[in-house]
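Both complexes below contain subunit A, partnered by subunit B and then by subunit C.
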Partner chain A sequence: MISLFTEPLDAFCGGFFLLTAIGIVSTRQMLACLRLFMIQALLLVAAALLIGVKLSSGDLVAVAVITFVTKVVAIPWVLKLSLGSEIYAQREIDQVLNIPLALLISAALVLFSYFVATPMVTAVGQPFTNINLPIGLAGLVLGAFTVTVRREAMAQLIGLLVMENGVFFASISIVPHLPVIAEISAAIDVPVMSLIIGLLIRRIHKRTGSTVVSELATLRED
Partner chain B sequence: MWQSILFNLIQVAVVVGLAPLVEGVLHRMEENVQSKRGPNIFQVYRDLWKLLQKDEIVSEESSWIFRVAPYVAFVMPIFVTLLIPVLTRYPLFFAFMGDMLAAGFLLALGGFFMALAAVDAANPYGAMGASRTRMVGFLAEPVFMMVFFTVSFTAGSTIPYIVQTSWTAVPGGFFEPVHILVILAFLMLILADESRIPVDNPSGQFELAMIGKSKYLEYSGRGAALIKWAGCMKFMVLTCVLCNVLVTPWGLAAEHTLVAVLLAIPLVLFKTLIFLLVLVVIESSLAKLRLFRISEFLSAAFVICLLAMVTRLMGS
Partner chain C sequence: MLAAVLILPLLAALLVLLPIGHRGRWPALVTVLTNAILLALALAIVAHVSHAGALHEWNQSLSIDAFGALLLLLVTFLGFTTAIFSWGYIVERRIGATRTGKVRLYYTLYHLFILSMVAVPVISHVALVWIAVEMTTLMSAFLVAYEDTPASLEAAWKYVVLTSMGAILGLLGILILYWGTRVAGDVPFTWAGLVTGAPHMPKTLLWTGFLLILVGFGTKVGLVPLHTWLPDAHSQAPSPVCALLSGVETSTALFVILRLFPVLQAAPLVADPRPWFIAIGLVSVGAAAFLLLHIRDYKRMFAFSTVEHMGIIMVAVGLGGMPAHLAAMYQLTAHALTKSFCFFAAGTTLVATGTQEVGAVHGLIHRAPLAGTALFLGGLAIAGAPPFVVFISEFSIFRAGLADGQYLSIALLALFVAVAFCALTFHINRIVFGRAEDVPAHAIPRPCLAALVIAAIPMLILGLYLPGPLAALFRAAAATLGH
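So, the complex of A and B:
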């Protein structure tokens, strides 16, 4: 029963994964951005579990557990500790481009990643790559786009984390038996990275009173 | 053939007769969510009856368009009902007269006449509302086209009956990314087209902020009743397209018997109720967008639809 529906359910997760990535590019609210990231991480967990059960790969189940612990629990917690007032204030994020333009560009980026991924899918030849590889690649590119287009340090951090999610989403289908040690190292890496960036943002906020990166143009020594 | 025509007539009767009920249930649920008691679910019928009893006042300065527009707006959803699956899974008598594009254009024709009539009455609010509706309309148009292109790519046809079977025919086709994205884009389209909350506030009474409602401020009596009824029917028709063609193509009558067709009515109402619940959640949790942010909302819908197309064309 489950094995019959694995592929469609994985595709289902993939569709929503893409949608959350687009949402993170275009949403205005800080808190919504973080929530969308958590939903995206949950979808990644679901996809890893589905593929892990289908290919009976314990490593992927471990990936799912590690991803859940780090991205759904640890990262929001770390961010809340380091810069709670920044995120949980209801405020809007600045953008370099206006939202319709950013959305159209992200559609073009998704098209591009599908275009790039199609030959790779045939080259890899694993069962789930036709869904996961292009969507994961799109997540990577859209995360990079978020980093470029947002003027806010916090949103840029979330962009980095989306890139990471995209890479994982693609890799769970390409390498179903990734050694757990690689996963654990990535898993420790990501919360530490967000902790460091979070603390940095907090320092910036203390010094300049805002976290709008575009305003940090002049160098001041004291 | 006669049976097929009979079923078609039942379908029209269901939409014409039950559309005010759907609207009434929606009002009731929305008020309940805001912890008010809310009107009776049959209140819309009473309103219609009261308006039909009253005299109609028509300005001397207005032209024939003002008088014709309510009838055009009332007839168009009925035409569309002939084309879409409301109760049966097999095509009925008029099913091949037009596809989903035709249905969309018929509804747009009704909207076009309403906009003309709003300008015709020379009420300043009417013209403002008409121009705003056109703005939302032309932003929604590309989304509408993309939805139907994507659907016709997936199903190989734009006839709603064939589209409907294509989601269920492929095993697991229901869960494909293209399906989810198309449903979401169409939902956003319905919200924009029906002047629902993120785009417009349907229960607002402030003329300057109105988008959809200000078009018929000048109507009274029978004209107002027809327009109100037409609005309910248009909503029900779009709900049927969403529920029966795109989201859940199950629960429709499969056999060519009268009993099966009649049994499908409560099932369709049940699906509509679930959709209304979703709508109530959306409407109570979001705020109305500022006018110039509507373009962002609809461009998001457009991009979602474009993604659906991309995942369909390149993904499989």
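So, the complex of A and C:
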């Protein structure tokens, strides 16, 4: 029963995954941004479980569990711990572009991702790659776009995490049997990255009284 | 032996935290000793690899070939000299810290940073190599921010965010290559496995994977136009950390890109990678050379020279053929040895004068003769003046390219290298000579001088004479890059 609906369900997860990525580009509230990221991670977990059951891949079920533990539970917790509630719950976040323009560029980036992914999908023709690879790639590119346009340190970190989610969303379809050791190390890497960046944000806040990293611009060539 | 290389820094990272000794001498001592043992281990591994070929351990999950052994040797040598320099700079002069606790933290991160760098050539599985490269960034982030000034925090922020973005792009590239090896049949996902699997991979996977890795890891190498973070991080970090960042951290990321060169060549249907390597390299060398002309901070100057040298290595690999690849290995070694000496000299100058600005220091040779001499030698050596090792390695790149008839690439490369040479010697000349201000210089700690002397020995000797075992290692390493 499940196996019949796996593909449409995976497409459903993918669609919402893409929406959350675009939402993160355009949301003004910090906490909303973080929640969207957690929803996105949950969609990644769901897709990994679906494909894992369908391909009977224990590795993918492990990916799902690891993603849930690290991205839905550990990272928000680590960030709260390292940042303190004051920075963590900051309300407004600024960005370089206005929202309609950002959305327009996001749409173009999604199209670009399909353009890049299609030759690879047709060359190999593996199940689920037609859904997961372009959407994962779009997540990667939209995350990079988020890092570029956001001025706030915390929002840039979420952009990095969205990039990572995108890579994992693609990877569950292209390499469903990645050795568990690689997954475990990747699982360690992501929270460590969040912790280090979180601690750095706290230092910057303590030293300069602000987390608007775009104002850090003393080092440059003239 | 390979396992010991990974375990030793991990043990040392814990040992330095023990609250023993006075004013941070214990962690300094432990660090010098463990890095000396690590260097001895690396020499033993090099000897083994040169005689018996690639070394495998732990059911092939750890392995090293000649190219990896060369990188390991460079990392451990710089780890050793930098440990001595840190003793003077971090422990005796207390730059950036007043509390011993912070000194201990420096040393813990130092060992973890070394661990992540030695892991890159030692680990077989390419996905795990990615983790090691990403860890080099994460473990060194707080070393860059060590002095806790707004400028160093800014540098650390740019460093972590930009190189992590690059690393995530690179991760997708690596996963796409893994996908390729699965499609190609059951080849192991190691560097050697990629070369054997490449002819059977769909070329679109190979090419997309390569481009993602080139952009992603190229960010960490500091290839123009992805280099923007590099001069900041490499100028704001404490000088011993700069020596490691510039000398070998960039090379560990470059190692991953260079490993893909034979993979692309093994797939006959994929576009020839050589023009790509040459073009990307030339852009980096050219941009860095002209940016070097108007520099105001002498540590920043050495950082831009790293961008230049990474570009030169890319060009040398792209020229193709055994003589050019041999020259590329020579250049990689020359850069690591010379750049670490330059940053030691810059750190010594900073200790003596208290400023990093080129315009603020005159007549250094009169104010602080030792620092002045070191900076002068380092500047000449990195610019590529004879008789230092960079001169020989750059010369052998030119010769290999000309013998192969690639006149245009070599003409451009020679032009850019000449511009960089003039820029570097001009700035160094302004600092070292001229009328000295009447401000007394600060004393230079003895460990800093010891590190300078030890770092200078190979930089000088290899320019005059290449020992047989090292030449054999270069040849074996160059052979791993294909044709």
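Quick notes on this one:
Quick note on the criterion: the second predicted complex is superposed on the first by the 214 of 222 C-alpha atoms of A that agree within 3 Å, B and C clash if a C-alpha of one lies under 4 Å from a C-alpha of the other, contacts with A are read in each partner's own complex, and residues count from 1 in each chain.
We adopt the following convention: a residue touches a chain if its C-beta (ideal position, glycine included) is under 8 Å from a C-beta of that chain, and two chains touch if they have at least 3 such contacts.
Predicted, not measured: the structure shown is a model, and the values here were computed from it.
Bringing the complexes onto one copy of subunit A puts subunit B beside subunit C with no clash.
By the document's definition of touching, of the two partners only subunit C reaches A:123; subunit B does not. After the superposition on chain A, the angle subunit B-subunit A-subunit C between C-alpha centres rounds to 150°, nearest 10.
In the superposition on chain A, A:22 makes contact with subunit B only, not with subunit C. With both structures placed on the common chain, the touch criterion links A:186 to subunit C but leaves subunit B unconnected. Of the two partner chains placed around the shared chain by superposition, subunit B is the only one that A:103 touches, whereas subunit C remains out of contact. In the superposed pair of complexes, A:11 makes contact with subunit B only, with no contact to subunit C. When both complexes are overlaid on chain A, the residue A:32 reaches neither subunit B nor subunit C.
Considering which of subunit B and subunit C touches more of subunit A, the answer is C.
When the two structures are aligned on the shared chain, A:204 is found in touch with subunit C, with no touch to subunit B. Closest approach of subunit B to subunit C, taken over C-alpha atoms in the A-based superposition, is 18 Å.
When both complexes are aligned on chain A by C-alpha atoms, no subunit A residue touches subunit B in the first and subunit C in the second. Those residues of subunit C whose C-beta lies close enough to touch subunit A in the complex are 125, 127-128, 131, 134-135, 138, 141-142, 145, 148-151, 153-158, 160-161, 164-165, 168-169, 171-172, 175-176, 178-179, 182-183, 202, 204-205, 208, 231-232, 235-236, 291, 294, 296. By the touch rule above, subunit A contacts subunit B in their complex via residues 4-5, 7-9, 11-12, 14-16, 18-19, 22, 26, 98-100, 103-104, 106-107, 110-111, 114-115, 117-118, 130-131, 134-135. Remark: subunit A residues 116, 119-120, 123-124, 136-137, 140, 143-144, 147, 153, 156-157, 160, 163-164, 166-167, 170-171, 174-175, 177-179, 181-182, 185-186, 188-189, 192-193, 196-197, 199-200, 203-204, 207-208, 213, 216-219, 221-222 touch subunit C in the complex.
The touching residues of subunit B, when paired with subunit A in their complex, are 171-181, 184, 295-296, 299-300, 302-304, 306-307, 310-311, 314-316.
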